[in-house]
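What follows is chain A paired twice: with chain B in the first complex and chain C in the second.
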Partner chain A sequence: MLALYVRDLKLGIRAGGGALVGILFFLAVIATVPFAIGPELTLLARIGPAMLWTGALLASLLGLDRLFQADREDGSLDLLVLAAERHMLPLIVLLKCLAHWTASVLPLVIAAPVLGILLNMDPLANAATTLTLLVGSPAVTFVGAIGAAVAVTLPRGGLLVSVLILPLVIPVLIFGVSTAYASVNDPAPFLPPFLILCALTLFFTVLGPLAASAALRAARG
Partner chain B sequence: MTETTLTGRFAGLANPTRFLALADRLILPMAVLSLLLLAAGLVLGFRAPADYQQGTTVRIMYIHVPFAWLSMMCWGVMSVAALGTLVWRHPLADVALKAAAPVGVVFTGLALATGSIWGKPMWGTWWVWDARLTSVFVLFLMYLGVIALTRAIDDAGRAGRAAAVITLVGAVNLPIIKFSVDWWNTLHQPAAVFRMDGPTIHPTMLWPLMITALGFTVLFFTLHLAAMRTEVLRRRIFAMQRLAARREEGRSA
Partner chain C sequence: MRLTAQDLGAERGGERIFSGLHFAIGAGEALLVTGPNGAGKSTLLQVLCGLLPAAEGTILLEGAGEEWPTVAAAAHYLGHGNAMKPAMSVEENLRFWREFNGEPCLEVDEALEEVGLGSLGYLPFSTLSTGQRRRAAIARLLVSWRPIWLLDEPTAGLDARSETRFTALMEAHRADGGLIIAATHWPLHLQDVKELVLGDAA
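Right, the complex of A and B next:
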């Protein structure tokens, strides 16, 4: 089990520039914002959390379609599905998601506060946004696993994966952004939306691997 | 006893020829019935009293509310079909799911459109991002995603199973839509018909609403059956074409 995690982590980091491409995409998205809406610093600071969340969300969708496809091409996915008698398939999917998250999404979370400075966000808002990204981004990966598993047989499933899972991650986005805003705007309470965000992540931690493994089994039959 | 006959009947429909025969017999009467119900409902709706605040604008309710109900019921039907694909492996279940999605997306789009047309004079805006509108919009996007998925995968069985998984996951959205008006403070009004303490809407308005809702429901199942029949026939033609091509190949070789 741990070996699988380490293997996926190594593959994720070494293959095709790994996390760097994601971070560059994230940077590109954030850098276009001031050009699009003008370099007015107060406005940038106000929409900063929302832009960081949108950018991170889009960047984390990038590599998702490869989550199971690389394994399918070299045949190891069949082995993993067949090994389900010894290890539960949802557990394997969970580990693969965690490895993918560590290799490609965690760097985005780490890069977020630096990009926040570009958007003139004050330290508290910056920290809060990074914290909500840290808590909320696993949910995006787990929902993404469902899309990746469903589209695993498609040669160019990348766009389809995004179309399928974006509606499902909207709740995560809503609560992530509202938590980040609640930390800055004083009257709004911080804890309730933050706890709902945690609950969403836990919910998708269960639902994502279960549905994804069902889809993987169906894709073989 | 009843359960065995029911499953027996569903198992009998697994034979596409038997299903086609049943669909051929049902579609025309159902279409006529839905037309009669809709005509009656709309006439009653125009004769029902106008709202004391909204005036005659309230009459759009008689089509807006059925569209909204059916947009959710269609996803429910698709979820049952998805279970039929994944659990019972009924051969027509993926046909049912694939055929229902385009009908559902039209009903959802019409619910959003009529809601906008109703919202403009009443709320003063075409669109607000409140919980009910947003969750129905998400449902609309999910319909489009399922349609894109069923058309992206060539193999019918594989496409059906993939769409079934997405449909079941998307069913999470249904209770969110239903209870969005209770959980959040929305511009959209709370439920008026299906409530624990009985409907709060006056019977003179409730009756036309119920009749149009029934009419649209029958219309939905008519369209659904017709779409399923088309899909079964399309698959047959496809199989025959492949068979013919193979024979041709064998003859030339």
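Right, the complex of A and C next:
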């Protein structure tokens, strides 16, 4: 099973730099915000966590449609589905998601504090936002797997995947941003929204692979 | 081990492709599925391994023991795609399938030697020619053991010499007690095979 994770990780890093595209998109979004908002440092610092979350969310949607499509095109997906007797299909999907997250989304989380500086965020808010991204972004990938599995037979499913899963990831966005704000705005408590964010990630860790494998099975019929 | 199909039928997009198929093959036997384009050869293989549901009839795998509970678990499926990643080397691809499929059989370099790619394992899969790609995909059948081989046009793109070599590999698999079901347009030069003709020729 580990072999699948290693293979997907290698492919994610090697093949055409999917991770780099995400980071460049993230950088482009964040770097343009200060020009659009104007030189109001307090305003920038206030919208910082929200902008980082929105940017990271959209950037992490970029390569998602290829999650299963590349495997479908070369015939690997059939073999992965057939191996269900040996390895559970939801586990296979889970590992593919984890590999995708490590190769394409983790770099965004690592880049987030650097980009936060561009938005005049103070160190505490920056650290809190990065932490919430680290905890919340796997949920986006797992929900994305559902969309990617539903759209696996469509040749240009990229935008469809994003539109399909956006409603489902809105709660993650809301709690991610509110946790980040809670760390800097004193009266608001930090722990409750943070724990809900953790719960959302755990919930989608289970639901995402299960739903995605059901969709993959149905896509055959 | 015995694979039996009774009264088997399949649909594709609401259209009945074939129905009422009967066949049974045992260990060491081979079944050639022939017929014109669109007769349902690929569909039959996909139904057999469980990628597509059967519209009617049953598929039975008997005497395979607990190790091989279903046809999908007991079978290597070689479809139209080669299931290899262009960005990885041939060796890396095969090593992945060997680990992922379990039941290791031949070593990766031995398997590459068997299909005549012994010196090319380090190359990225994308640089291979069509026939070499097919041979690499055939090497996947050798790196982990499965009693049943379901082959969909296995010799597509192979030259005459590789075809002979592949025939020898299939005979060796039958001698080890394996079953082979191959959908093909070309006679594979196998000894005493059963033949199943699909489509209007039947």
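Keep in mind that, in the parts below, the second predicted complex is superposed on the first by the 221 of 221 C-alpha atoms of A that agree within 3 Å, B and C clash if a C-alpha of one lies under 4 Å from a C-alpha of the other, contacts with A are read in each partner's own complex, and residues count from 1 in each chain.
The rule we apply is simple: a residue touches a chain if its C-beta (ideal position, glycine included) is under 8 Å from a C-beta of that chain, and two chains touch if they have at least 3 such contacts.
Since this is a predicted model, take the numbers as computed values, not measurements.
Colleague: Should the pairing of chain B and chain C on chain A count as a clash or a fit in the superposition?
Modeller: fit
Colleague: Check the residue A:85 against both partner chains and state whether it touches chain B (first), chain C (second), both, or neither.
Modeller: A:85 sits against chain C, while chain B stays out of touch.
Colleague: In the overlaid three-chain picture, which partner chain does A:4 touch, first (chain B) or second (chain C), both, or neither?
Modeller: second
Colleague: Should A:41 be classified as contacting the first partner (chain B), the second (chain C), both, or neither?
Modeller: A:41: touches no partner chain.
Colleague: Would you check which partner chain A:117 touches, where first means chain B only, second means chain C only, and both and neither mean what they say?
Modeller: Once the two structures are laid over each other on A, A:117 reaches no partner at all.
Colleague: What angle, in steps of 10 degrees, lies at chain A between chain B and chain C when each chain is taken as its C-alpha centre?
Modeller: 90
Colleague: Look at A:76 in the shared chain and tell me whether it touches chain B only, chain C only, both, or neither; answer first, second, both or neither.
Modeller: A:76 sits against chain C, while chain B stays out of touch.
Colleague: Closest Cα approach between chain B and chain C after superposing, in Å?
Modeller: Result, nearest C-alpha distance in the overlay: 7 Å.
Colleague: Return the residues of chain A at which the contacts from chain B and from chain C coincide.
Modeller: Common interface on chain A, chain B vs chain C: 221.
Colleague: Mind listing the chain A positions that touch chain B in their complex?
Modeller: 146-147, 149-151, 153-154, 157, 160, 163-164, 166-168, 170-171, 207, 211, 214-215, 218-219, 221
Colleague: Mind listing the chain C positions that touch chain A in their complex?
Modeller: It comes out as residues 49-53, 69-70, 72-73, 75, 77, 79-88, 92, 95-97, 99-102.
Colleague: Touching chain A in the complex: which residues of chain B?
Modeller: 86, 134, 138, 141-142, 144-145, 148-149, 152-153, 155, 157-158, 161-166, 168-170, 172-173, 176
Colleague: Would you mind writing out the residues of chain A in touch with chain C in their complex?
Modeller: It comes out as residues 1-4, 6-7, 10-11, 14-15, 73-76, 78-79, 81-87, 220-221.
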